[in-house]
């Protein structure tokens, strides 16, 4: 069984207006499907409001899908109760975007790192302390820091503590929600290198959520691009970056500023702003800003289908196969 | 008219923390020419935002004070200018846009009203003239349905729209210098592309200079003519954008450029700068970057270099090795601390 | 231009040195507290009172219960610093003994209210839903009674005696704790590290105890100190009304009550217990205020 996580047709909405008047829902995630294999890094990339963070929390069931299925290691976990989920959480840990808020400031570093051990194992305090020290060394912080409090550490160091914590119970999957976005540029690369080293060492799978396409390219095996709650394209890294099929992916990639002044690129500048997720456009959600919009796009939601092996896209341009499609 | 629009000489800004004074900006000197886009680059804590606030004399509500140096704008020294005259310059000859448009726009005033204010105050326009001009400005910054947006409140607009409104307010009086402090950092990447495009167009149309403050090297490469790199409150390197990226003459710049993942780069492992930015109250002796520097010599650890010229160019670098052809890796002299 | 936009860039400089470890926070708290002179005076008074209450029996000059028919209702003198009461008992000694009663009754009542109220507040705030509604409606019902009336009602049901006074005062003190702690819980629940704990698989019990309860401790401490004054007053009032300690016990409120009859001829019998009650309640209130202000993160240190 190669598949670690399978997400099938998952939808999730949030009620944002109760009481008098018609109820309004925010459609955060709209019928998405993807797979994460053991030991691989699958990234979800997209801009604000695209639903990638919500998806991360659906995978580890901090949220419950409205419809669709979530499978973990061959088990259907879609509707499991909190109590039933608890033992499974040993295998899927999370690293958060904000290294300041995700660690309880009243706890010592060693207690923070060992918390999953307290929850999931019966190790003695001494054994936990020893493991915590080992973990701190492994993430590049000396074990002498174990007795200190988090406020003494920088953002990058705190993120390492968060990673050590996630590692403590030897999970199979780590969901990393924008783990380096809040860090300085020169520290980002340190943490990214660390994540890669740990993956090689422990055979971890990552669900890597980010808006930064350069970071994502560096660390991923496969990538899913999200827009306004839908997955618009999924492919192996090289296929996506060499030949993005979906107009949004193309625009996204061309929008990234490259730190090289000699590179002059053809920019695809999208018109308009992101539509409101409370009132998404009809048909293909991207049609209001798409440079290749056709009549059918305004009315019919395109199917998410395999355009070429391993490369999925939801776009009417490819209804008749890749050759018939738009720009390469 | 001189070519130099802004000439910062030896700027020093200090902050009161507890009972001691901390130098957030230490002996910073640079200049901006007419019609030039200059990038001010650095990571958090390097002093770039404090520098921009110092230039605009906006430190009144903070524990910071300019304690030395000159800021010559055309021929006037902004540091010693009376507040009354400074107010005439702000929003009029020098304008500023910030990272978070939501906090710079007044949430209880309509957009139209906020736009009209600088026009009426600085240009002496009547209300109806200002209204017309405001709509015109919104169109200039690419906001469709300009007349409708004049009646909106800031919270009704998206982040990209709010940033456009702020830009409209900034260019309303056709300033000579626009200071943009991380203008696109809070925006999505596709919106960022729109805003950068807009800034380019406006700069050409209005003949402005721009001081673009950012930590994003990609934005710098795309937008700037010249770049100033700051670290620990000091300027560590200065030069044209091509020279800087092609052949950085300061190890920090070099490390920074190499640690940013670039699209289509295909490297196995990213380079990184070990260690952390030093605490402003506990700065090392000698070169402030030396503890993290792979090429640091004994001299670097003891003596702080001045901003030296790089031979054969107009570039400057605060590094004893600035003029050496090759740099020898001596191993970073950190205390083993990861960042 | 708004202040926030202007100061945004400077925050990195100032905040970088703001420590949040326990020792530093305690130090910062002490500095803020000490700036409020009246609160410090109140704290000293309370400390002295506590010491007196503890070592009481060792320093009382006379036996507080033994009548002395030779010295009935004597005024202030060298032998009796506060005079004697209608049975010739030394008032100073009775007041010293009474401090034990008053303080132990009020402190235990408030502690019980704190424990109950905190538990209810944590549960209501964390779980929400019907549990929250029941607990809050129950608190509302209790809140709607004037404190003293409620206490009288409870004592009337349970019968007189100090233990029942403690119960009554604890009951009417619980809702305020529940309400305050519930509100702190609601905001503490939103902390990212709580979500992190949940994602790790922590049980609700662990989250409440390890991650939410510590956030409520400052509020609990402040509320305790603010309510002790009211508890002393309530206990004294109940005793005054004859519903608390038996009149022979040297309870301050009972002393007030018994001295009423002799107000015209020997007012000191009423003045001294009254003064002591007044000063004690005032001291606790001022101390509580000072504590709250010092713990308030928004006040500049």
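Just so it is clear, A, B and C label the chains in written order, and each chain counts residues from 1 on its own.
Note that contacts are C-beta pairs under 8 Å (C-beta built on N, C-alpha and C of every residue); 3 or more make two chains touch, one makes a residue touch a chain.
Remember, predicted model here, so these are calculated numbers, not experimental data.
Applying the stated touch criterion, the connected components after chain B is left out amount to one piece.
Put simply, the chain farthest from chain C by mean CA position is B. Work out the mean CA point of chain A and of chain C, and you get 50 Å between them. One inter-chain figure worth recording: chain A and chain B are separated by 32 Å, centre to centre, where each centre is the mean of the chain's CA atoms.
Per-chain Cα centroids separate chain B from chain C by 54 Å. Residues of chain B in contact with two or more other chains: 44. Across the complex, chain B meets chain A through its residues 43-44, 158, 160-161, 188-194, 196-197, 215-222, 241-242, 245-246, 255-257, 259-265, 267, 269-274, 276-277, 336-339.
Across the complex, chain B is touched by residues 47-48, 139-142, 154, 156-157, 160, 184-190, 192-193, 196, 211, 213-215, 217-218, 241, 251-263, 267, 269-270, 273-274 of chain A.
Remark: chain C residues 19-22, 191-193, 195-203, 206, 210-211, 214 touch chain A in the complex.
Chain contact summary for the complex, chain A toward chain C: residues 60, 62, 85-90, 93-94, 96, 98, 101-107, 115-116, 119-120, 149, 151-152, 162, 165, 175.
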